[in-house]
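Here chain A shows up in two complexes: once beside chain B, once beside chain C.
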Partner chain A sequence: MANIAAKRIKREFKEVMNSEEVAGGYIKLALVNDSWTELQGTIVGPPDTPYEGGTFQLEIKVPETYPFNPPKIRFVTKIWHPNVSSVTGAICLDILKDQWAAALTLRTVLLSIQALLSAAEAGDPQDAVVAKQYRESQQLFLLTARHWTNVYAGGPSAIWEFDQKVQRLLDMGIDEHEARVALSHYDWELERATEQLFS
Partner chain B sequence: MASEDKVGASASALQPTDDENSKSCWVCFATEADDRLAAWVQPCKCIGTTKWVHQSCLQRWVDEKQRGNITRKVLCPQCKAEYIVVFPSMGAFVALLDALEEITHKISPFIAGGVLLGSIYWIAITYGAVTVMQVVGHREGLEMMESADPLVLLVLLPTIPVTLISAKMYNWEDSVLLFLRKYCAKIPALAYILPFGNVEGDRGAIVSGQHNNTNQTTTHHLSPTRIFCSALLLPTISTIIGKIFFRSVQNNLHRTILGGLTYITIKGALKIYHKQMLYIRHSSRKILDYTETNLKLYRSNISSNEAVSNNDSEQVI
Partner chain C sequence: MGFEIKRFQGDVDEELICPICSGVLEDPLQAPACEHAFCRACINEWISRQPTCPVDRQAVTASQLRPVPRILRNLLSRLCTSCDNAPHGCNAVLKLDSLASHLVECEFNPKRPMPCEAGCGLVIPKDELAEHNCVRELRALITSQQGKLTDFQQELAEQRLIINEHKRELALLKEFMRAMRISNPTMRALADQMEREEVIRWANSLTRARVTRWGGMISTPDDVLQVMMIKRSLSESGCPPHIIDDLMENCHERRWPPGLSSLETRQNNRRLYEKYVCKRVPGKQAVLVLQCDNTHVDEHMMVEPGLVMIFAHGIE
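This part shows the complex of A and B:
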């Protein structure tokens, strides 16, 4: 049955490569090994979102039972989004779970994930902390997401104030990513983040 | 979660190069040209690229969705139309076997439950009969039960263990203890029998308040197995005590009742005494100053306790 999976992935791969989205540079798909079970997806942050200008890598694992079961996809690039775990990159998206349909393809799934970036669903969060910030302090969420896009996905707009705060913790000998996570979790309040890091 | 609409829209725009007439399977994406012999089906209202699917691919998809439950309905993930699944008729005999299978499946739990309840009922009757013979004497008991109406026996005998257990659920010792604590602490004569301990004002109130609470919880915590055992063993113990201490009494029933009362009274008194001592121990505990001497004393206490349980306690000191 792996036969169906491999055959279908090959067809899908061809389809993606010929699609206008790849031509336009919105999504990309690359093979990781020859067995067609693992692929690497790339999406660019949609315009008018804090992810604009960023390039996000995704790990795509195709199960033996594909297309009867959905592919397993997670963000490799760190991202600040209510429906994506800021730790593991796991994505909360219905079509990757119970709403999967065999008629969906890697191309449509990648486009759906891209759509998720422009329309977060805070009612069904993957990362509770991010979702809380998204609901309660939207402005701070947008800045944090833009900052993460800048640092991890090559986004264009650096947030000077945030960089300074991360640098402050860095000077105390804390790992850069750890410092950024703590600051993001505590709404960029340096004191509370420091307290948490040293407790 | 992102709504499915966006996806649905892009899914219908799938494979724009394929023209409308050539079939392509939405599961394996193979076209008619890839396999000329495969059976095709158009199972739902979908049009466009998700119109056609291989019979075998759809079967597998349905299996995957049903997860072993072959009666579960399966809908098209896109248009939500229910797939029309039909099974070929296998003749009247198979249909009969199907029906039998279903009936057996449905009534089995009820039969099993009935057998279980029946067994418990018969155990209760047997226990009741044994208790009657034990209490009034073997021969007299048999005669009594033979002369009684069987229907009455069928009702009365099972109530014996039920009554014993429900009587045991009521914890009379606690009520007596509370009563004693409340009213008899003032009578000096009683203080010789039941020590009440002089607990200083505030702390005493707190502890007794706490203790009332713990009392309630311990009654709740009283294990069911303990109630069960002591309730059902009561007749046996009563008979034995009656035979040992009241040999002069001729009537078996009277002797057993005397034995039972003696047992319950002595046991209750001991229990009340023990609880009262626990209460006093709890209310007069102290927390010591953190000084060198106290610490040493405490540690040596602990280590000697540990030495009892495990022998390598030397390094603790």
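This part shows the complex of A and C:
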């Protein structure tokens, strides 16, 4: 790893560890290997959002050319959000792409991702299905996001109706995550989800 | 790229840190409008990818970058740092602005050139001194020099071959010219005319010389020492080859005209010397008295194609 990248990451790691956000438990950062090329970030869902109470893991890969190129970050924890792929966890955030600036740090990036959870950008979606639901049936979107937070990120509020529907498909021999994806995509209409799964 | 922050004594102010490499600013430059400062190497690397300020993304091009204010430079130069060679045992603590000059002479620099004291006299980096083996190094040197020698010899042989070829061609050409001259009288006149003009052109290219002490004239010069040196100088000045040997012959009083051929005649004709138009033989205490420059001089004072007079001193 280039000297400058390792030097920066070491310093930024320290910066995050000494930050108020870590002290307050809003974000976390851990090393994955000794070479400082890969880290694991953790952010908690912001209050007054469907992600509240959830804990989301992020995979952070530091390129050789850091900080001249942005770190590659994706959600490891599954999340229902217009700017995050529900399949791969890829994040659509300008500062991780063309708006990256060398003075940004792991701390500011983690906080930006956290802010993205509070304020989705439906005009620039990463997941078209989620974005459509976000625009057209806001209420259903909020419930789905809360349900995903509950199931995958340890969020507190279970949604009984959704759990029932997933269970129905589970009984038909469908994989649990596949069932949940299908139901979420079809606005929790059991018939259409079933039709799609068996077609 | 900046200096490692751990090398500095005490806390370094955040303002002196490069936001790109997170080291202490090295040779800093600042963006024009927002005045954010970065190491020169860091900001150039960033701007080659994206023409913006890395802190606030304002548009910046490489040519707009400015040196940082003196106050910032002064603050940087006052920081105290350890030497680059601290891991090799250097305990020096230096102001940042004297680091560069210290590094040049730092005793602990593992790459410092040291002469081998075992006898071979080679200069080698200090850290290689322990592994150094005079015989091995010198053998390597000999091998490389032998290689070079072989190359040169080969080149020499090739050049000789080329020269011989040229010589043959030249002889052929001369023969051809001679045949042409003999068979065609106009050609002969033309060739003579060309040769005369060549002499005049050369004579005009030389600077005038004034002899201040005619008494310093050497009438019987040494062939090897003096004449050969004059010949080389004439040849370098562009003397036409068809007259150079005649001119060299005319360095000696045995070939001089009746008016100059003996000490006695020379003394009798001394007042005529001032009439000579003399040309300097570049770099030598000698003058050329060419026929083409001296058509006004009496016949008994001149020979074809001219005289060369070598002096002990007194040429201006």
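Things worth noting here:
Quick note on the criterion: the second predicted complex is superposed on the first by the 198 of 199 C-alpha atoms of A that agree within 3 Å, B and C clash if a C-alpha of one lies under 4 Å from a C-alpha of the other, contacts with A are read in each partner's own complex, and residues count from 1 in each chain.
Keep this in mind: a contact is a pair of C-beta atoms (placed from the backbone, for glycine too) under 8 Å apart; a residue touches a chain by one contact, two chains touch by 3 or more.
Being a predicted model, the structure only gives us computed values, none of them experimental.
For the composite obtained by superposing both complexes on chain A, the positions of chain B and chain C are in clash. Contacts of A:174 after superposition: neither chain B nor chain C is touched. Once chain A of one complex is fitted onto chain A of the other, the partner contacts of A:111 are limited to chain B, with no touch recorded for chain C. Of the two partner chains, chain B is the only one touched by A:94; chain C is not. Set against each other, chain B and chain C touch different numbers of residues in chain A, with B touching more. Look at A:67: by the touch rule set out above, it reaches both chain B and chain C.
Contact with both chain B and chain C is seen for A:7 once the two complexes are overlaid on the shared chain.
In the superposition on chain A, contact of A:124 is made with chain B only, not with chain C. Applying the stated contact rule after C-alpha superposition, one finds that A:103 touches each of chain B and chain C. Overlaying the two complexes on chain A leaves one chain C stretch of 27-35, 117-125 or 243-251 clashing with chain B, which is 27-35. In the three-chain superposition model, chain A touches both chain B and chain C at residues 4, 7-8, 11-12, 67-69, 99, 101-103.
Put simply, chain B touches chain A in their complex at residues 1-2, 4, 6-7, 10-11, 14-15, 17, 26-30, 49-50, 57, 60-61, 64, 77-78.
Contacts from chain C toward chain A in the complex involve residues 1, 4-5, 19-23, 36, 42, 45-46, 49, 52-57. Interface of chain A with chain B (complex): residues 4, 7-8, 11-12, 15, 18, 65, 67-69, 83, 92-95, 99-105, 107-109, 111-113, 115-116, 119, 121, 124. Those residues of chain A whose C-beta lies close enough to touch chain C in the complex are 3-4, 7-8, 11-12, 67-69, 99, 101-103.
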